[in-house]
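Heads up, the next two complexes both have chain A, just with different partners, chain B and then chain C.
Coming up: the complex of A and B.
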């Protein structure tokens, strides 16, 4: 594979062509915050946390969807990027009803961890307090829209790994919602195989197994990555 | 009487209790108390906003009602969940729940007695209000203050060593417990027991001495007879975690015995009043006017036939002797009853910690939604607690009813305030000490109103004597 030279955070690197900035950073131990990225499935640049500055480009670009190119000079930890990340995490919390203390994912939640990482000590935006459905119709799992951050990992993992494409996205703006089939209750879905991959892909407490309570949640998104890699090896 | 001569005294907020409340005293033309109202001026709304949630979330949501008795809420809630699933918790799961509940019970009783009430006994009702608190006790009786704080700490440490959380417990799950107790943590908890027992005995010494020195006051302090309700075991023994309900009348006659808590609605009704957010529950067969009943430590000892542990049994016999085996009505005896119960909790905690099964990993049975309705009941530190859930056929809650101990004591608290106010508040010269006695009638019940607010010394109390035209005739302020 052809190699190219890039500079990330004042560090000169020789990297393979065809990779995304995020992949290159992770391979070289450069930390980039993400919520919607899950290794192995396609990237959509939805969460806007992996934004980086590239010299000569007049806007921030998402590292997960931007391919690395020769002689790029990239900065991942400028004050501007940190400010944007903090704003983004605040907006996540303000948009829906995230109450960590009673959430099943408390202590195991990527959104909670993001709050700590971006040093979010308070939220400067008014909470929207939207009225959100809790879909308990599936016999084993719950979908709580209050805790959904629209990362769409569930949508992609269901379509790309399970091949069921039960999940989809409806509406726009802050009315956007994850839907099952053509907006039917999850329990009535004709496509869901109840495989549970969306449960593991979900970074928050939005999708969780009915059988567990706070403190017992174990999500293993890396299991999905492993599954994809093993499938590739078989091919 | 001409209404223009009536006056009103407002005590707001009531201090050294858990939560916010105020008292209004209405005086007649001669300065005597005509009527009294105990207002709970907070609104929480848990019953409403829990609707729409999954029933299995309730053992985590409901402990947030209270920072003092979160375990009781979690246990009542999980029992309701188990009724919905139709399953029983494992033996070890039950042991661990019982242990955590005992810890919470004596921790709460330590808070009530040492932190909130002991300043009245050790420093005096008429002492300087600015130091009549736990800091004043720490100054004059540092050993007692420290012991009280450490007893509370042990109760919370039981929860922490099992679930990792001191206050708002996690891990009480339908079918048992989410976390086991390690051998190391069991050893560490057992090491606390002797000190805890000593502290409870010191507390009993303090209250007995106060009883001896203030016999007339203790015997005459809000002594109106009421009915009593609580949970008993199969032989009528005091039971906190599980059991059936017993109602007795003011003479000690058993009205109902071994009543399945799931039938509570057949025996308890509630009525709203327009001056308080707290409802007025009553014993249904006797009606609203005659059906006032009390719950909590005094009620539990009044209804119980015996105690399960030896030291507590001995003290229980002394308690029963106060009224020759009949129910003890004096509200002041709540403190004594609370300490006897704390003694039972420490003894019982030691017994459970010595059970070889307590460190077993067989902690949780598993079930799923089977029935649309669940009722859970347990004894919280302040009395019997009911959680009642109704769900749709996917497990989503459609109705929640929480019947809290303090609510059940509400009618009696109101009456005790009136009695004490009639006895101590007189004329135009209202002294702070008089009002402290009125407040202490409330404090006897250790009410948990929002269960979240605690202030030491900094909480102001304002008493205003207002004439009918709205003019402030007299104002006393402290804080």
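Coming up: the complex of A and C.
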């Protein structure tokens, strides 16, 4: 495989072509915050947390959707990026009802960890708190729209790994919601196979198995990555 | 334009408008990529997209239902609810607003007790608003059943709407 040299955070690296900036950073121990990325499934650049500065490009680019190129000089920890990450995480919390104390994912939530990492001590934006439903129609799982951050990991896992295409996104702007089939209750969906991959892909407490109480949720997103890699090995 | 709600699949099979859609689907070779074009045909045939028509299209194109629904709800052109036999679109762009678009809407609300986005109980009339229809020189502009009316006043519009309703 052809190698190219790049510079990330003042470190010179020799990397393989065809990889994204995010992959290269993760392989070389450079931390990049993400919410919508899940190793193995496609990237959409929805969460805007992995923004990086590239010299010669006058806007920030998302590391997960930008392919690495020769002689790129990339910075991942500048003051500007830190400020943007903090704004992004505040906007996540300002939109829906992310109340940790009553959430099943409390203590194990990626969104909560993001808040700590970006040193978010308060939220400068007005809370929107749109009226969201809680879909408990599925016999095993619950979908709580209040805790959803629209990362669409469940949508992609369902389409790309399970191949069921149960999930998608409806409307736009602050009316966006995750839907199953024709906006039918999850329990009445004709495409859902109840495989539970979306439950593990969800980074927050938006999708969770029933009969679980506050702070008891255990999610294993790495299980999905493992599954994808093992499938590739079989091929 | 008829917009009565369809209820069963038997009704659907009898409907001549479904032939328009299935012809379009065949013309597009059952390609899932042609979803938007086919939805356009359906919307033009029905005035909106009834649920069982969506289900029919989904089945024919072998698409996941959620994909079809997300496409329909993403574009403002598509509507899941009937817009009414007659539609009255009031432009509320800057020029029309200054020239009294709000007075027109108020008068319509007074006469027909309809707010923008609503349809009368008998499905005869639907009111909607647009940010700008790009006819600022004609302000205030109203589009009544695809006919652009220029420099209108509230009274005039109410009379025209009444005439349309009586006509049908």
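Some observations on this one:
The rule is short, and it goes like this: the second predicted complex is superposed on the first by the 235 of 235 C-alpha atoms of A that agree within 3 Å, B and C clash if a C-alpha of one lies under 4 Å from a C-alpha of the other, contacts with A are read in each partner's own complex, and residues count from 1 in each chain.
Here is the rule we go by: a residue touches a chain if its C-beta (ideal position, glycine included) is under 8 Å from a C-beta of that chain, and two chains touch if they have at least 3 such contacts.
This structure is a prediction, so every number in the text was calculated from the model and none was measured.
Partners chain B and chain C, once the complexes are superposed on chain A, both fit on it without clashing.
Contacts of A:17 after superposition on the shared chain: neither chain B nor chain C is touched. Contact with chain C, but none with chain B, is seen for A:170 once the two complexes are overlaid on the shared chain. Of the two partner chains placed around the shared chain by superposition, neither chain B nor chain C is touched by A:57. When the shared chain is aligned, chain C comes close enough to touch A:191, but chain B does not. Shared-chain residue A:182: touches chain C; no touch with chain B. Applying the stated contact rule after C-alpha superposition, one finds that A:215 touches chain B and leaves chain C untouched. Shortest separation of chain B and chain C in the overlay equals 22 Å (C-alpha atoms, whole Å).
Overlap of the chain B and chain C interfaces on chain A comprises no residues. Across the complex, chain B is touched by residues 101-102, 104, 106, 134, 136-137, 139, 142, 187, 210-216 of chain A.
Across the interface of their complex, chain A is touched by residues 51, 54-55, 64-70, 73-74 of chain C. Interface residues of chain A facing chain C in the complex, by the touch rule stated above, are 159, 164-172, 179-183, 190-191. Only residues 52-54, 56-57, 59-61, 64, 163-164, 168, 170-174, 178-179, 366, 368-369, 392, 394-396 of chain B touch chain A when the two sit together in their complex.
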